[in-house]
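Look at the two complexes coming up: chain A is in both, with chain B in one and chain C in the other.
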Partner chain A sequence: MGAAPRRAAILGGNRIPFARQNGAYADASEEDMLTAALDGLVARFGLAGERLGEVVAGAVVKHSRDLNLTRESVLGSALAATTPAYDVSQACATGLEATVLVANKIALGQVESGVAGGVDSASDAPITVSEDLRRILLTASRARSAGERMRALLGLRPRQLVPAVPRNAEPRTGLSMGEHMAITAARWGITREAQDELALASHRSLAAAYDRGFFDDLMTPYLGLTRDENLRTDTSLERLAALRPAFGRGEGATITAGTSTPLTDGASTVLLASDAWAAERGLPPLAYLVDAETAAVDYVHGDEGLLMAPAYAVPRLLSRAGLALEDFDLVEIHEAFAATVLATLKAWEDERFCVERLGLDGPFGTVDRSLLNVNGSSLAAGHPFAATGGRIVTSLAKMLHEKGPGSRGLVSICAAGGQGVVAILEGA
Partner chain B sequence: MTTVTDLAAPPRLARVFAEAVVTARLAKPRDLPDVAYRLSGQRVDRSHLLAYQRICGFPVNDLLPATYPHVLGFPLQARLMGRRDFPFPLPGLLHTTQQVTAHRALTAHDILTVAVHAERLRSHPRGRLVDLVTEVTSEGEVVWEGRSTYLHRGTGDATAERDERGPAVPEGPPAAIWRVPRDIGRRYARVSGDVNPIHLHPLTARAMGLPTTIAHGMWSGGRLLASLGHAAYEPSVARLWFRKPLVIPGTVEVTYATSGPVRIAGVRSRTDPPTEIVALSLSPLPA
Partner chain C sequence: MASDVYGQLVHTSLGRQVVTGLGLPNPATLRRYEPGDPLLPGAAVVGGLGTAPLADRVGGLLRRLGIEVLDKAPDEGRIAAVVADLTEVEEPADLETLRALVGPALRRLGPSGRVVVLGRPPETASSWAQAAARRALEGVTRSVGKELRDGATATLVLVAGGLVAGGLVTGGISAERTIGGDPTVGDLVTDDGDDDGGADGDGDPVEAILRFLLSGRSAFVDGQVVRVGARSVSRPADWSAPLAGRVAVVTGAARGIGAAVTRVLARDGATVVAVDVPGAGDALARMANEVRGSALQVDVTSPDAGARIVEHARTRHGGLDVVVHNAGITRDKLLANMDPDRWGSVVDVNLGAILRMNEAILDEGGLRPGGHVVLVASIAGIAGNRGQTNYAASKAGVIGLVGAMAADEGLRARGITVNAVAPGFIETEMTARMPLATREAGRRLSSLAQGGLPRDVAETVAWLSQDANAAVTGAVVRVCGQSLLGA
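Right after this comes the complex of A and B.
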């Protein structure tokens, strides 16, 4: 484990409830949502008018006009306008990567405090002109004469006027994330029943967390929503079993809408600081970010599944820290699909995978399922891509604080592009 | 004794304005009618709030910008000013100043009672002025007060006592440029219900004696307040002076200054020398 000069403390966080696509936040922009999440954080921690070290956030599906999304949100928030900000993007791992970046600057003494976050809207999506039309318009704008411009525009065809909407497909494979996941699920023999059980557990755990008020100091109501719109308190194994497969073919078609995360709108933030900054303001740390690791896999040629990078990242991280899976009190694995979690767990128990792919002597280990996603995860809460990292980090930090100093938590988030970011948190 | 009329629903403004246009040339009394209009138990319509936040540049959230209750009270103002026994015809009245006092931050969850009456009919060098007072209460407590001053252009009294002039639009290089689109009057009319013809189209504006279309003062005022950020939600007194019309389409300059606890903002023309269009002062609520 790299010896960090000092520790980065997680003091808390704030998010807005997550809304289903075209639900309560249909008309809200990403800037609106991120500003609302930030303002809730500012109110909770008394930061109005304060200059923080920096705010780092991002969105996965972003309008080209929002090139400075985070800075614009800071300017619209109650933070001092002198708080710097920048955008990051690492697909679904954006929020966790932002947290790691802020924590690193705190550890190095470059900043004393910072906010990490993320936001995504699947409703207020950017719509662009078709690639053909874009090229024709660019050629026309470069034309030196009316004749040249006319020739360029004569290339226009009606069907090129149809706008392009962002698609949930990998550029290099043309397969949607669900189609990729279906291949991985079949390869690891993940059953429909196991996926339905995991989805049910996610909804039940999240509902229970709401019932005991776990989110009371982690969330600010927004546009009339006070809890995640996707949460189904009345779902059951029977209902989940009745859903038709959404991805995959034939026997391998095990993934349904119930075991996939829905398209979601939402934003989250995490407040990090040095011990000194926190003590000065009387804000008790909940947890510390100890270390993080990012892995990437070659999914393009079918060598590995698109969402399997965390299976590689966690063993590397734990080896550096001298820890084993059994050393963790809580484990958070982002539920992109129920099958993502199950395939990752199965890979770590598989001797052949661990020896051949991870270079270990034997199986990596088993995650105690009673420690996994204990307050529910993305299947129930929803998954506004870049906002998921902040949701998980804040919840885990609070749970570790409840467990006490020295408790350990693991976060694992898979991302498009065959990447995965994982981190270790330690309770304060 | 003031006659208070409780309305079941906000008046439909297109009709109020249409009637007012028809009755504009009828003989008008000299004095104000002693009436008030009241709308009780109003819930905030979120889609309307969102449209207001968007058009003025406020972030979309659950808070009511300090200028928003004015939009809730405006239909009552129009109803009152559209009465046959109101001393001036409603179409063509110019909004000259606005004061809003926010006693506390208001949210979309607050249930509001809005009441409007007219007072302080007085002379002005270019005609006569009248104040429309809007009082917003929630759970029996006054939470917001507005005072809108309108000018009826006509025979004035050069010796008339002037209202407080207000701060100058701050000098110096522009902090921002607004490119105000041609249709902003029609768009703000849809949100605010203020379908005064001077804001809608050059032809209807000319019919009212203006050279061309002008933006609503409360649009430029709302946008100016929105540009001040979080101050727009805090307990405060905001005052707006509409000095010259903002002709649309148009490009104008925005400047800011601070004077102790008071923030000043202004809109001016891009000409040399500039013409002052709107001035805003925002002060903390007196303790």
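Right after this comes the complex of A and C.
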């Protein structure tokens, strides 16, 4: 007989500023960055030497040697070495999924406190040998004699020596994420202008958040960086309009480097706990994680867009909670591309999509744009894949706390593989 | 940090010959406190004039700590300290007792030895002759500081209030009350004997001071006059953790003196809230984690800095007992070339921010009754420094602020002490940026002929943060190795 589920409180978080690929963190490993993000969190909440219930984090692009990335980071951090940890991976939703996992264990009473996080480095990328070379080397290692080994190695060809670098492409379609997005943008008629406007708003909102000190208790500088390296305070619609399209063809070529998230390095963490654990330490909850939902779409054989899963996840989640879009004070939709956000919003306003694909009676609803990504999102901050969930959850929790108890926030993060994780937060 | 090459050179055999031959300054390796160290590394000569009431108490304290106490200088061997009780000095002829006791002892004084002279405040003397004789002790002590070698220091302690065997009479005798007024720089001006709030206990105010002065904690405090009031003080349960259970806030904690203060307060038992600007957050996090405290990223000049500090200390740690206003910056330029930004930022960070933060910190629900405020002044605020008009303005302002706050009736009623340390030449990133000649002059033009370390300043801050030392308020304690500047 389990106890009645409890609420999992979000007490705060910490991230390091996000750096552009081959920028300030070019020489930092994922373990370095995750450890730095953890240590900043530990310092902020005075947890040095404490044993927490669990630390859950992950990275999307990961070295094979980092099989225990999170546990190794914990051992290198100021937390007690007796704090357990495990790795998770769900592409760009890794950080949010880690948050849900920690919250669930807290709700079930399995742990009293935990840290969810994520880290990714696009600079310190794992480079592997080609698949052909890998097979030859494995055959050679199984050889029982020098002769057998020689025969295996003689099969080598020069082109097989070219290393394999991780690619931003879907294995089952061969298309890059940008190419997938271009198809969806064209289908939903998302204009270049609308995308440029959304990108500009992201940069302006993030810059304003920095200027008013919003990140003073959410971020710890790292390797000389005190702000997200990707943030452009001087960008304008004219500058964005001047960029050449990066994805799509002809009329459908609307996506530019300015409306796509750049490859980024960074790490983030979120501290969650039961109310009792928080009260014992005098740590006021900022928000509660109320519920979460994951959806997946068939972008391979079906005709849905790769990044459209959140459009399905949110209506399911809200239906379970008995809520509508209008019931939210703040909405955070991860800006994989400006077009991702715009296509999702458009789908929810589209009667045919909502009836035929979501099984609703009519349009799902409209998101008030003044409540959307109010402190900027990934287009401005950058997107170290697994670190984005922690960034959004922590910022949203702080904003909801400022709005007061009972305020509601929605988080939506799309991910490679046609998946999407969404969650409801309630201000404390 | 620029390493003290000269200071290392003199410890080589060739270097020693050259230094001795040419009569160059010969900086000693100072005895600095490490947990577990005895109060003194050897015997102490303790004596005095007349009934020497304090000598008895000091002797008793030392014996309890297992330290050999002698009544005069031995014929051979080394002693670690000499304590001379001249509280009963009546006229200049009485000073011969001081010469006869301390003079021979100096010849036996070991490395980093201590000379402590105990006297009474000249202002409360009952005759002209007594006032002159009391004041004479200061001249003797400051000169002894300059005569001493090998890291030894000299300090004069002026004790207000009535003296009885076994402890000070709380409230004192009215004739013995220190006359109020501006604190004298370099002196420790103490409570005037009012029986005010907080800190009721059976402690001996002289004990906390002697435990500081005789130990390696006072390594770089030299040639100073220390005034102790008659206020009753509490005694810590454990003298090796005098700040146990206390919550302390240190601003500018990420590096330099602030980092050292954070470490020493934590070593002494305090839970430390380490505060610094968001831009220094990574170094700040390392400090907070090292001492198992908490980090608060806040710019001290922001309007809500004080409120956020109080809120953090109260919600996270249940209250606030000690505030160390250490955050400070320099933006040096000759006044002739000074722009408004350099001027304004230094004055605002180093002084304006303290005034604003104090509103919240000293408000209801802020610093607890019996709490301690420690500010960081500077020798530049006393002596002035070329190219530092803005910095000297802010640091002299800090000294003025300490005097006003210590005299404030409201704070006195709540038993809150307010003191400052005035660092001399301290080896930090700030002094490492000085030109070589200035830096060398700063190091050598002092009795100890070397720069101090951030931890030397930190030890003094930690001492001023003790409840057992609550009889000291309004003081500006120089931590300068008896620097010639502004002395």
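General remarks:
One rule holds in what follows: the second predicted complex is superposed on the first by the 423 of 428 C-alpha atoms of A that agree within 3 Å, B and C clash if a C-alpha of one lies under 4 Å from a C-alpha of the other, contacts with A are read in each partner's own complex, and residues count from 1 in each chain.
What we mean here is this: a contact is a pair of C-beta atoms (placed from the backbone, for glycine too) under 8 Å apart; a residue touches a chain by one contact, two chains touch by 3 or more.
Quantities reported herein were computed from a predicted structural model and do not represent experimental measurements.
Under the clash rule set out above, the superposition-derived model of chain A with chain B and chain C contains a clash between the two partners. By the document's definition of touching, both partners, chain B and chain C, reach A:222. With both structures placed on the common chain, the touch criterion links A:44 to chain C but leaves chain B unconnected.
When the shared chain is aligned, chain B and chain C each come close enough to touch A:36. Looking at the shared chain after the overlay, A:75 reaches chain B, while chain C stays out of its contact range. Judged by the touch definition given at the top, the superposed model places A:282 against chain C, while chain B stays out of reach.
By the touch criterion stated above, A:213 is placed in contact with chain C alone, chain B being left untouched.
Of the two partner chains, neither chain B nor chain C is touched by A:292. Contact with chain B, but none with chain C, is seen for A:28 once the two complexes are overlaid on the shared chain.
Counting the residues of chain A that each partner touches, chain B and chain C differ, and the larger count belongs to C.
In the superposition on chain A, chain A positions 36, 39, 48, 78, 221-222 are in contact with chain B in one complex as well as with chain C in the other. For chain A in complex with chain C, the residues that touch the partner chain are 36, 39-40, 42-46, 48-49, 78, 213, 215-217, 219-222, 226, 281-284. Put simply, chain A touches chain B in their complex at residues 27-29, 31-32, 35-36, 39, 48, 75-78, 81, 221-224. On the chain C side of its complex with chain A, the touching residues are 274, 278-282, 284-299, 302, 314-318. Chain B contributes residues 46-47, 50, 59-62, 108, 229-230 to its touches with chain A in the complex.
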